[in-house]
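Take a look at the structures below.
Next, two complexes with subunit A in common: one pairs it with subunit B, the other with subunit C.
Showing the complex of A and B:
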């Protein structure tokens, strides 16, 4: 079957037992603190680099998913969730406690480049300081913010001051260095090409980009705090829709559902899993269509044909989703243990509508290829620009179409199966180019794969025995997972690995809820793609990354 | 011509092709029912203000301004199927200096509020604002967030609120058309001083926080101060 990986032979992917890992790390391990998803090793705060380097180089843990930080009564803690790109079911958590009065921990940035932003976020929201970090500043909140909002003694009512620094006219003399003759240029935060409220601080050398620094946080809506103040059963589920709001709602809901269901040990009925799989893939089509639409806008210009075509297809798939869930954008359709209601009645009508939609792709994809990919101007703008080599992509923790466009064969739907994906016949799409064009091609081909998945789901749902249409498992009214259980679970969202880390403290609300956003890691690769290129290529690279700021900033 | 004779138009000298074409409907390139109703007269009598307001309401340029989830529905409103341009207000302009109407489509957070105020200030008068979604009304689902401004109206004046999370495109169309009606009737929300203003740092009242930040912020730098304790 297509889901088997041909290349899983190298030594790195050999699975090691937790005890073997502990033996490998030797004296570095001071304690064990296992999580539900992975063994956890507690290490001293000054041995972070050594530990991670050992795991990366000798055991093949080459993917730092996320750094989740939190404050306890008696200590601070950073957790490095490591995985393998070759087999994401092999996980290990490195737990680094830091002193309550003077929380300093060694930075992992020299080992995993992606730790840069993750540790800045931990510093910003929790207040842990990272030694040896290249640039430890606030990342989400304004520079002048007082206090660390997710730390324990934070006072939400204190006044704050945000600045609007006057960016000097870039043409003024003092921005021109006598030798290099560079110029500073702001792109955003209000700019049509930034896909939301993103601010790019760009330094130009002539027409070329000498340096670009994404400045984020313009949509930091305290999502983690909102989740931490909601109860597991019902109050958290509406929020995931609003992380990646490009209609990818069900994919996000699944991320929370998967983590919470594994945490509370809930088994989801198969029928509900098929409905989930179908809904999620509809969302993926809608999300990729918007990526395609806005990318074509960035490359081709104003509100033009391609945008309208793609929005038209989105309207069609949104109609289906509205029939299924009752909403166009913020579905709130999943429940822990299943979905909220069954397929819409009359079912035959829904199935035939869905089939009508699925009949279109061969023609409409042809149309897109005529409009975009076989357009010479478009090819000149995208082929061989914004190149992201696979090793760099891995170092930055890139996932999703961005990683797959660089030839990194990583898709959690296949590699860490959930839902009904492993029962269905579909392919993981990869392209080796690593340029803007490849990332677009990956998305366009994934739309076709999603259509294949939906079709198989519809077939299954049509023939499902009437008395086994069980959409919900029995879930207690109030969920109180055991004290001090921790879990990190991820699903393949529209943009890549969307993971949730939850720590339960025995109450009906999570003590720590950390969102691993794929866009956050993907956006970090922008300087690698853009430096040395021309300004229009930066815009193309950003468009092909397909970031959604609601998810970057959370 | 002697001065004691009254002035009489010499009809044979008057060029009437255009007028005749209009009256007989030959050149109907520019004709319309409205045109016919006026008959041969090329003039209408109205108040200048009323005329101008009618023009403003009939042709509004929106600012291409995306913030959060609502901007996705806003894009759908501009695009096929809903097509806001049918109502004469569907061409988003990328520059605030070319725009009349700002749709605020999303949550305003501390870092963005000064920028939004700046963009609003850059729009030429008269300008109008449509607040789209619950977040611009009260902060919506994120009202409790430590970083969230409790409604866009804390920062800029808003003419029309469209509730919903997010509002459907139909709702936004309804809101925009309502705004057009109001503009055509010459109504607009009074521009008042909002709780959160952009001001120079040295103009802030001195207190503990200001003293603490004094060495980080220049005196003439623009800042916005949030009093979260007093927020609704």
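Showing the complex of A and C:
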């Protein structure tokens, strides 16, 4: 796999106007197709690599967030949403139309490794073929699937047969010589440590991993298509809860809320933003606690006390979320323009419960440090294993605690502020190790930062004047954003950059709804961490990535 | 040497019932073995479905089984019925009969070990089946048969996870058996005998008297360093955390027991628990004065029970608290650390005993 990294240019952080970018790209640009969030340049399908390389090397756009693809009446289209890790508010969209009858487009994989999976998904669901792609296979659906479900001529009624072929050993021939032999091992889809239905095709050389390939799609539920068949106002909001279902619900809802509110130009009242911020950070604590718990399970083995302790702590924040939203898992609490209801009455009780909880974390965090991070066996197991260098992390589009554990200082709450985050006092946590231990440490420290945020929110909410408690902006009963407006917006979910791309077509339903899942990109880095390591380290690396398969597969 | 060894259990039966023939002696031995074996199996029955859950629950802030019977104790028969009533699934391509023999070898080898363990007195009965002169060597020999079972199970299961588990089991047992036995040898240097009763007897002498209370010369007190070494190697020998890597459920599913269900699974589980108790028994005999303790000699069995359950508790504690080491780290600790330390301990003990005595 290519790890080479082009030399960075000094003027990375310099913001360029759309016209300057157009001048930089010169003849490559065929047309302009601006999106609400970024300037968009239409290019020819055979100049994808050249364009992206120019932007990456000469303008510092080093983060390919997502590749979204769709079919129009007269063409196919792939959009490469580019950002900068140093400043994610600087965005640019590269729009690549492809021929309706023969949709072929050049692959971006040689420039951005992360394009590998994203383009496979576009091929799988839409049907665009990518030239020069190293491994253009279906990714979410079975190999034998007929047709591309999100394309226009897809026949829903056609019966599909998914066979169960015997797995071939992908490395056997060229990885074997007279002295050595490898063994192919299926880890999952049912395995105690895959955290859901994930299938790792693993090639072992003794106990060491020669090659590992994540095979995903077991939990694919057509979330994008379901969102496309729901109306903006109310019918889409319940779905985000089901992506990263490990109690990160409010964080996910915010991703849709932010994209749709910016698309329809809805202003959210400040009071609602504070409630959203508080709820979202509670979700983050719950999600990180579960990540900590299951990571301890992977390293310590079943029946470890750490697991139950962390679950207990998560339970307490879960109770607060239940008080706030009325639900424990599928919250459905956000509405476009606000939240569904105000804090539970009596407010004092909720505040005092929350404060009780906030008083506890420092103590319990201390206990986790005693139990795991300062345990020497634990350190032996996690330090310097599963290493993800920062440049590789960026190349794969890794975000969230995974990127921050590799020292990539990237957090959308601070870098692309939304909600009430920029008014509050908190820090972005990074660790430079890039190993399993660093990623765990980042999560543990983020829990403390989240607690800080919640505390400030509680202070604010307590003193909020009663007549200004507006939880909901005025939003039309039916939302019909203008035809042909497109937007990509992301928030900092529990696992990283959770983005939504929406194209409106003038109706009350999105014409294209694309989810940028942080787990999807993060999981792609697993082979980088795992190759050459021992099986237990692969399990540890997977645990430290903290993927939720509901979000990977969507 | 301390008090003269009491009459062995089979001899006691022969004398009491007056069975003065070869057949009588054989019958008495079988009856004695039956009683001892059942005591251990009863411990296992309590430990597996009930005590283990309760202990783990106590460590992890939970309640565990409490629905059936007082303190949930009736879960024991319920679990027995449930486990035995399950379908025995025989996967395609398993290598029979070794696949069937493996689950029998594990509990039997561990049970065999108890034949030479002096388990203390219960009333007039001395729960000690045999006391051969090489008893100390014998018990380690019995205990190490277990690895044969694990390799057989791992190989015969026709499953890659099982194979990995079997390989891990061999590597682990090789790396830890040697330090275990070398450390045990340092005890033999103290006691001067390989006979179990002799090893235990040597520990009844008074080491030091503090304020009228005489502390016995248990080898754990005489040589704590050897005790810690032995304890660590013992944990690896019986495959408990942090050395449970032959099973390692989060890595290799269940290791050698992945493909076993129903009665065979029970036998494996049983074998593991008997093995833990045997590990505790060896530890008690070697370092904790066997069945000795305060109070009359006639109830010393109770002390033995306390000691082996104490060891069981310790394994559960380690399981709740300690991370698992990685296979290469385990081998490294075994060969580069434990082996060197155990030989250093042996030489040092030999020199000290040689100079002082």
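To be clear about the criterion, the second predicted complex is superposed on the first by the 529 of 554 C-alpha atoms of A that agree within 3 Å, B and C clash if a C-alpha of one lies under 4 Å from a C-alpha of the other, contacts with A are read in each partner's own complex, and residues count from 1 in each chain.
Methods note: a residue touches a chain if its C-beta (ideal position, glycine included) is under 8 Å from a C-beta of that chain, and two chains touch if they have at least 3 such contacts.
What you see is a predicted model; the values in this text were computed from it and never measured.
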**Request:** Mind working out whether A:387 is in touch with subunit B, subunit C, both or neither, as first, second, both or neither?
**Result:** neither
**Request:** With the two complexes superposed on chain A, say which partner A:14 touches: subunit B (first), subunit C (second), both, or neither.
**Result:** neither
**Asked** Which partner does A:210 reach: the first (subunit B), the second (subunit C), both, or neither?
**Response** neither
**Request:** Check whether A:218 is in contact with subunit B, with subunit C, with both or with neither, and answer first, second, both or neither.
**Result:** first
**Prompt:** Can A:358 be said to touch subunit B (first), subunit C (second), both, or neither?
**Reply:** neither
**Prompt:** Is A:539 touching the first partner subunit B, the second partner subunit C, both, or neither of them?
**Reply:** second
**Request:** State whether subunit B or subunit C is in contact with more residues of subunit A in the superposed arrangement.
**Result:** B
**Request:** Check the residue A:377 against both partner chains and state whether it touches subunit B (first), subunit C (second), both, or neither.
**Result:** second
**Asked** Of the two partner chains, subunit B (first) and subunit C (second), which one does A:299 touch, if any: first, second, both, or neither?
**Response** second
**Message:** In the overlaid three-chain picture, which partner chain does A:290 touch, first (subunit B) or second (subunit C), both, or neither?
**Reply:** first
**Item:** Interface residues of subunit A shared between complexes with subunit B and subunit C
**Value:** 191-192, 303, 307-308, 312
**Asked** How about subunit A: which of its residues touch subunit C in the complex?
**Response** 183, 185, 191-193, 207, 297-305, 307-309, 312, 371-372, 375, 377-378, 380-381, 534-537, 539
**Asked** Of all residues in subunit C, which touch subunit A in the complex?
**Response** 56, 59-62, 160-161, 164, 241-242, 244-245, 248-253, 319-329
**Request:** Note which residues of subunit A are touching subunit B in the complex, please.
**Result:** 140-146, 149, 154, 156-166, 189-192, 195-197, 217-223, 225-226, 229, 238-239, 242, 245-247, 290, 303, 307-308, 311-312, 314-315, 328-330, 549-550
**Item:** Residues of subunit B touching subunit A in the complex
**Value:** 64-69, 71-73, 75-76, 78-81, 92, 94, 96, 106-107, 109-119, 141-142, 144-148, 165-166, 168, 198, 201, 204, 209-210, 212-213, 216-217, 221-229
